[in-house]
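I'd like to ask some things about the structure below.
The first chain written gets the first letter, and so on, giving A, B, C, D and E; residue counts start at 1 in each chain.
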Amino acid sequence: MPEILNMLIASVIPLLFILVYAVVILWVEIKVASHVQDRLGYMYTGGFHGWAQPIADLLKLLTKEHITPANSDKILFTLAPFVVFAGSYAAYAALPFTSTFIAANLNVGIFYIIAITSFVVIGILMAGWSSNNKYSLFGAMRSVAQIVSYEIPTALSILTVVIVAGTLNLQEVCQVQKGGLFNWNIFKYPPFMLITFLIYFIASLAEVNRTPFDIPEAESELVAGYHTEYTGMKFAMFYLAEYANMFLVSGISAILFFGGWDSPFGEFLSGPAWGVFWFVSKGLFFVFLQIMLRWTLPRLRVDQLMYVSWKVLTPISFVNIMAVGLWAILK
Amino acid sequence: MLNEFVKILLFLIISVFFVAGALIVNRFIRPHRPNTEKSTIYECGEEPVGNPWIRFNIRFYTVALIFLIFEVEVVFLFPWAVIYKELGLFAFIEMVVFLLILILGYVYAWAKADLEWDKPRPRYLEVSKLKESFMESKSEKVEI
Amino acid sequence: MQILGIGILTWIVFLPVVAMLLVLLVPKGRETWIKWISVVATGIQVILAVVMLLNYRYDLAGVNTLEGFQFVEKYRWIDVSGVAWFGRIVIEYFLGVDGLSMPMVVLTALISFIGAIASWELPKTKGYYSLYLLLDTGMMGVFVALDFFLFYVFWEVMLLPMYFLIGIWGGPRREYAAIKFFIYTLLGSVLMLLVMIGLYFSTSIIDPVTGEKIHTFNMLAMMDPRNYEPGSIFSGLHTTWRYIAYIALFIGFAIKVPIVPFHTWLPDAHVEAPTPISVILAGVLLKMGTYGMLRISFPIFPDGMVKYALPMAILGFINIVYGALAAMAQEDFKKLIAYSSISHMGYVVLGISALNTQGVTGGIMQMFNHGTITAMLFLIVGVLYDRAHTRGLDEFGGLANQMPKYFGIVIIAFFAALGLPGLSGFVSEAFVFLGAFQTYKWIAIFSATGVIITAGYILWTTQRLFLGQLPERWKNLPDINARELVTLVPLAIIVIFLGVYPSPLINLMNTSVNHLVRFVSEMGQAGVQLGILP
Amino acid sequence: MTEQFVIELTQSLKNFLPEVSLTITLSLVILLDLIFGRKFKNIGAFISLAGLVVTLFFTVKQYGGNYQIFRGMFVVDPYSTFFKFVFIISALVIVIFSLQSYELKETSARRRTGEYYFLILSLTLGAFLMAGSVNLVMMYLSLELVSISSYILAGYIKESERSSEASMKYVIYGALSSGLMIYGISLIYGLTGELNIYALNASLLSTGYSPIVLMISLLLMLAGFGYKISAVPFHYWTPDVYEGAPITVTAFLSVSSKAAGFAMLIRFLKASFIDRTVTLGVEGAWAIIQGLPWTEIIAVLSALTMTVGNIIAIWQNNLKRMLAYSSIAHAGYILMGVVVAQNYGISAMLIYFIAYLFMNLGAFYCVMLVAEKTGSEDIEVYKGLGYRAPFLGVVFTIFLVSLTGIPPTFGFIGKLYLFSALINAKVIWLAVVGVLNSVISLYYYIRVVRNMFLRDPESEKASIAFSPAHIVVMLILVIPTLLFGVYFSPIVELAQNSVAMFGLR
Amino acid sequence: MQADLSMLKNVGLEHFLIVSAILFSLGIYAVVTRKNAIMVLMGIELILNSANINFIAFSKYSTAELSGHLAAIFVIILAAAEAAIAIAIVLNIYKNFLTVNIDEIDNLKR
């Protein structure tokens, strides 16, 4: 019985985290956006810099009417948000928040994450297809093509880390990097791991459809992409899933390249509790980076997007993986 | 190990419950007054034109195909990468051979312009013309 | 006996192939060369046959003893070294003649020569003669081969040329006739193939060279029950498998003879084939069936032979009467001759089924005589058809005055066919009935009605063709010409000669036939008492 | 451990040279075609030829060896090497055919010749692997390599309706039967816990098994094999694919892919389902495993295959389709050799394969030439062809006669050995079915001959000329067909020495 | 809750085999009844996956060896390759015939 309870608690914790994080980051995003564009953004709701605005938004979404477009595929239309959210949430099971807390300590952790996040792709396609809307379908197709294309550089850069770490278990990946800043993967085999990280980071931006790779929901062409027809809570679920994904890829960046829950100062400020702090803050840092990038870089065209993936990132990844491989043996 | 996967199942169940819960809560407090105008699909305010379920560009398929090749490759590479350091140089050579063969395919796809999103001209004419062209394929005139 | 270091049998078998290659090399527009090459080659074959006759030793029996064969040539053809799980494989190039085959060799040489001359006027000369010569090789090979495999190869080699010869140069329904011939014959020969393979695995001899135990296709080895491996499919005597094999072989040969239920290909093939090919078909090919029985079925399966002799005799009787009755009903001259062939081959079957000296001698003589007589008959039909372009018997009449020379030749052939004393047909039929009467009294008596029916249709045909009023349109029919006479006269001379003085032919086969009869009947009745034979 | 592993592997690689050279060749084909393809259209073909010759050299060097490599994944034994000869020769011949093929020259396929030769070579590579693999997964993989290459090859002329239809039918039937096969493999794996067929056999014998499950899995696997060799219940694709695919591909499929299927089937059956603890009196005979009468199943399959193939072939007017049914029938004949469960049966099959190689390729070549000159594969265009093209007529007739199995051609020797294997093993009913089928087959083969020689040309009467290259290819194929028909000791010896499979008596 | 977990722990080989057999039958059913080429291919994928389940289950429950897992990986990859080829071919069929209904594509039978 306690075992079950433990498991249950362990699997609810990430959900709570996501909810809190989403609300916060919603606010942060708007604020960052505003400040980048030299304006203030939310200022009224709740007082200090409109801190209650996201909560108000949430309440608003809760009370919104659901509109199911005519002639849509109703079952798929309803199912899509489930799939999308489940896909991104289930990936959290393998994230080690700290050295003692990981919901499911899989020996194939990173592999599992790659696998389970493909659910999102299916969800997006379902949403786009069932909406009976051209823009949705375009958005979904583009989104899928993009995710699928960038899956390759992502997987290859993860592979590089796996070579270095010698394990697929994310907890062990962190263990390997334990012991301060310079044990982190990012500093190994200079400059190859740095390149690996850059590739991963760029590709992960595309994976979560963030600018400069937000073709699928390019407002000026496609209205809102695959979730054009979604309203109310269903829409909110897509939104939530997107934010969850943002943190997911950032967290993986942190784990793979920046030691995960490891303190940058070696033994100093380390321990399970500090581990959560380090992991979350590293993750949030990359989320912040993503937000910053969104408001600084223009959007790529579809052909440029494909070009970057297939003709830049993939070949570099290949070379990179061989270089790291060779170095790893020669050492 | 089974237990670990049960946890994942739990994650999935929780996420489904969460979404379902949110939707149910939503159901009780939201209005529900559909009408034709509302349920028309959104095309920037214009009347919708044509069937949205169209055939999409062949490019998507090509991308999927190339993805498939690499993804499959990655599946093989992961187990290899895990024990890479134990195997040493030998593993490296094996991987190079393996990768070279794949890269050959990659180079081929590149050279045949299958990695371009916009190809300069369509590879095929319309179907009707295509059939004609096969009929007179000996005449060499029609580019297929 | 060797010529240029190569055995005379090889010469006589492969000379046509050499000629065929020459024919193929002849440039276009030189059709005459082709004809002459072929005629000369077949002529040399006749000379070689005569040489063989002159050197023939009448005291040697052959049949199942190697020493009894003459002009023997025996070489290793296929020799595959043995492996652990399967012994050595040896196929021999094994030729030889004895009293059973010698008459056939002479007949084949003769008929081929005459056929070559008779083919003079046919179109598409090059193709025709090359196929004809190939056919010649096949026929000759069948009669001299003593290795079953070799025998089979020659047997099948004939099929394709024959198919083309009927199919390309034949009459209006040639395609149908050709394919029917081909399929019937192939059906027979595949049954033979299976029996052959079965025999191969059942017999084994000691290789004289290496002392290994080897399987063999040697027919002589297959005739000796001591060579059968115990436990193999055909070992022992009077076993079910041996009976089945005998029946299968019998069907294979019966199709070629043809014996009645399998005869339907024959009228078609004979009628549609061009004259020389009809001559070959009736003169030589039909004999292969009965020759095969004598050479292979009887000595290898004496038990089967003895067990099924009575049904075989009945089949012979049916053949005689059915063929004759069917011939009587024919309007077409050539079809009439074809059915008469069936009838006459019935005598052969009846004779050899009697399994006594007279019967078998009669059978072989009938083979030879029917070969010459029926060849004449088909040539005769050809002569008439060439002139009138019709073969309907009712369209003629009173030709005796119009074509006197022709009439003379025809009368010889007709009377020989109906078995008039003094002509060769009588001698062989008499022998057949003598033999058959000893064994199957009633069948022989009933079969004699066949002679009466034969006389009936022959005489009726004579009447329809040569007597009565000459129709107006045949007023200008020319008489037989020199080339045709060249083909017919030698045959007529042989027919008359053998009718008056059959001893040379009888002497030729006597020793062998006696040996065969004794061997087969003793073996067939001996049951499991083995080792009693010479 | 690693050290030893590496040593083992390098050792294995040394015995893997034919495959390695093939792989290098096909990589070179695709690469050099990319670089020089524009200027030299046929560069792929010439590299393929060179590579195949090199492979042939390595294969010849390998002949006689008998060992397993790559830790029981793959074996090199005379049996597999023999099949490699068949594959190489057929690939060589097909490349030469393709150089002359009008279908590849005059359609959009002409711009993709590099890929074409690449696929031909990869099919050959797959066939190589099929002949040598002794691990179920390896077997499945190599089978799929062959299949996938052939799917593409069948539809190589993309704009041709019948070509693409052929490839679709092929892929659907092929995928289904390979699916059934892998399910069967999984059941066998569950039954024994082994994937290596020798270990599998040992496990079956030592720990016992449920005959029903084994039977089900065998039947499922037979679906895969049966599809590859186009045995009867799995033959539906054959006529359509053979008719629709380019002729060169059809010819290649009918020889290489079929031979590979047989190579694998025999090895699988012989290694997995015999009882090696029992020794039979007859030398070279195998004891069938208890409770699984697979020889009977194969016997029924064989009888069905040849009868159906031959009988349906009678009604065909398209020569390619007719040859497709004939190749089904030939699969039936060859299956007779499996029924025997003796080394003699295998050697008979091997002999038949060489015969089939020459005569079938020859027949397809003649069809290709005629189709090129007249634009049709219909039997009508063969009317009077014997007079318009005498040489081709004669050569084609020889091939057809050989396919029928009439002496003095090689086809007869092949049949002779198959029937003698059956009679030696006393499976006489099947031998009778076999010979009767030969007679049936005569009818449709001779139909072509009839049209060529017994009929006069209808419309077109002009004689057809062939280039010396065509004549040389025809001669290359027709001379062995005749020569080995009268002197076959070398082939028989080769076949007898090639039945030795690794680890099996 | 307790009951649930123990049930999970009691999952045995048979359960996997039953699942795979169901999947296999569904695949066969799809292949037999569907007329759309893509649907047929999906049925075939089901069959392949049922084999995969078998492999993994057998590997897990019978021996300590990994050969079953290996087999499954290879089957997955082949399934992918086959699907890629098959879909390309179906696309080509669509271009030529403007349909993917396999019953309508029967030029060769005529």
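Throughout what follows, a contact is a pair of C-beta atoms (placed from the backbone, for glycine too) under 8 Å apart; a residue touches a chain by one contact, two chains touch by 3 or more.
These figures come from a predicted structure and were not determined experimentally.
K.L.:
What are the chains that subunit A and subunit E both touch?
P.N.:
Common neighbours, subunit A/subunit E: B.
K.L.:
Greatest Cα-centroid separation from subunit C: which chain?
P.N.:
Computed centres place A farthest from subunit C.
K.L.:
Using mean Cα positions, find the chain sitting nearest the overall protein centre.
P.N.:
D
K.L.:
For the interfaces B-E and D-E, which has the higher count of C-beta pairs in contact?
P.N.:
Greater number of contacting C-beta pairs: D-E.
K.L.:
Please identify which chain has its centre, taken as the mean of its CA atoms, farthest from the centre of subunit D.
P.N.:
Result for max centroid distance from subunit D is chain A.
K.L.:
Compute the distance, rounded to whole Å, between the mean C-alpha positions of subunit B and subunit D.
P.N.:
37
K.L.:
How many Å are there between the centre of subunit C and the centre of subunit D, using C-alpha atoms for each centre?
P.N.:
The answer is 42 Å.
K.L.:
Rounded to the nearest whole Å, what is the centre-to-centre distance of subunit A and subunit C, using the mean of the C-alpha atoms as each centre?
P.N.:
Chain centroid spacing, subunit A to subunit C, equals 94 Å.
K.L.:
Cα centroid separation between subunit C and subunit E, in whole Å?
P.N.:
Spacing between the chain centres: roughly 66 Å.
K.L.:
Among the residues of subunit E, pick out those that touch two or more other chains and give their numbers.
P.N.:
Where subunit E meets two or more other chains at a single residue, that happens at 5, 81, 95-96.
K.L.:
Show the residues in subunit D shared as contacts by 2 or more other chains, in ascending order.
P.N.:
159-161
K.L.:
Which positions in subunit A touch two or more other chains at once?
P.N.:
Within subunit A, no residue touches at least two other chains.
K.L.:
Residues of subunit B touching subunit D in their complex?
P.N.:
Interface residues on the subunit B side: 86-88, 90, 101, 104, 107-108, 111, 130-131, 133-134, 137-138, 144.
K.L.:
Touching residues of subunit B toward subunit A in the complex: what are they?
P.N.:
1, 4-8, 10-12, 14-16, 18-20, 22-23, 25-26, 29-34, 36, 38-44, 48, 50, 52-54, 56, 59-60, 63-64, 66-67, 70-71, 74, 77-78, 81-86, 88-89, 91-92, 95-96, 99, 103, 106, 110, 115-118
K.L.:
Mind listing the subunit A positions that touch subunit B in their complex?
P.N.:
That would be residues 7-8, 10-12, 14-15, 62-72, 81-82, 85-86, 89-90, 92-94, 103-107, 111-112, 116, 129, 131-137, 141, 144-145, 148-149, 151-152, 155-156, 159, 162-163, 166-168, 223, 228-229, 232-234, 236-237, 302-303, 305-307, 310-311, 314, 318, 321-322, 325-326, 328-329 of subunit A.
K.L.:
Considering the complex alone, what residue numbers of subunit E touch subunit D?
P.N.:
Contact set of subunit E toward subunit D: 17, 20, 24, 27, 31, 37, 40-41, 44, 47-48, 50-52, 54-55, 57-59, 62-63, 65, 67-68, 70-71, 74-75, 78, 81-82, 85-86, 89-90, 92-93, 95-97, 102, 105-109.
K.L.:
Along subunit C, where are the residues that touch subunit D in the complex?
P.N.:
77-81, 83-86, 89, 152-153, 156-157, 159-160, 163-164, 167-168, 174-175, 178-179, 182-183, 186-187, 190-191, 193-194, 197-198, 200-201, 233
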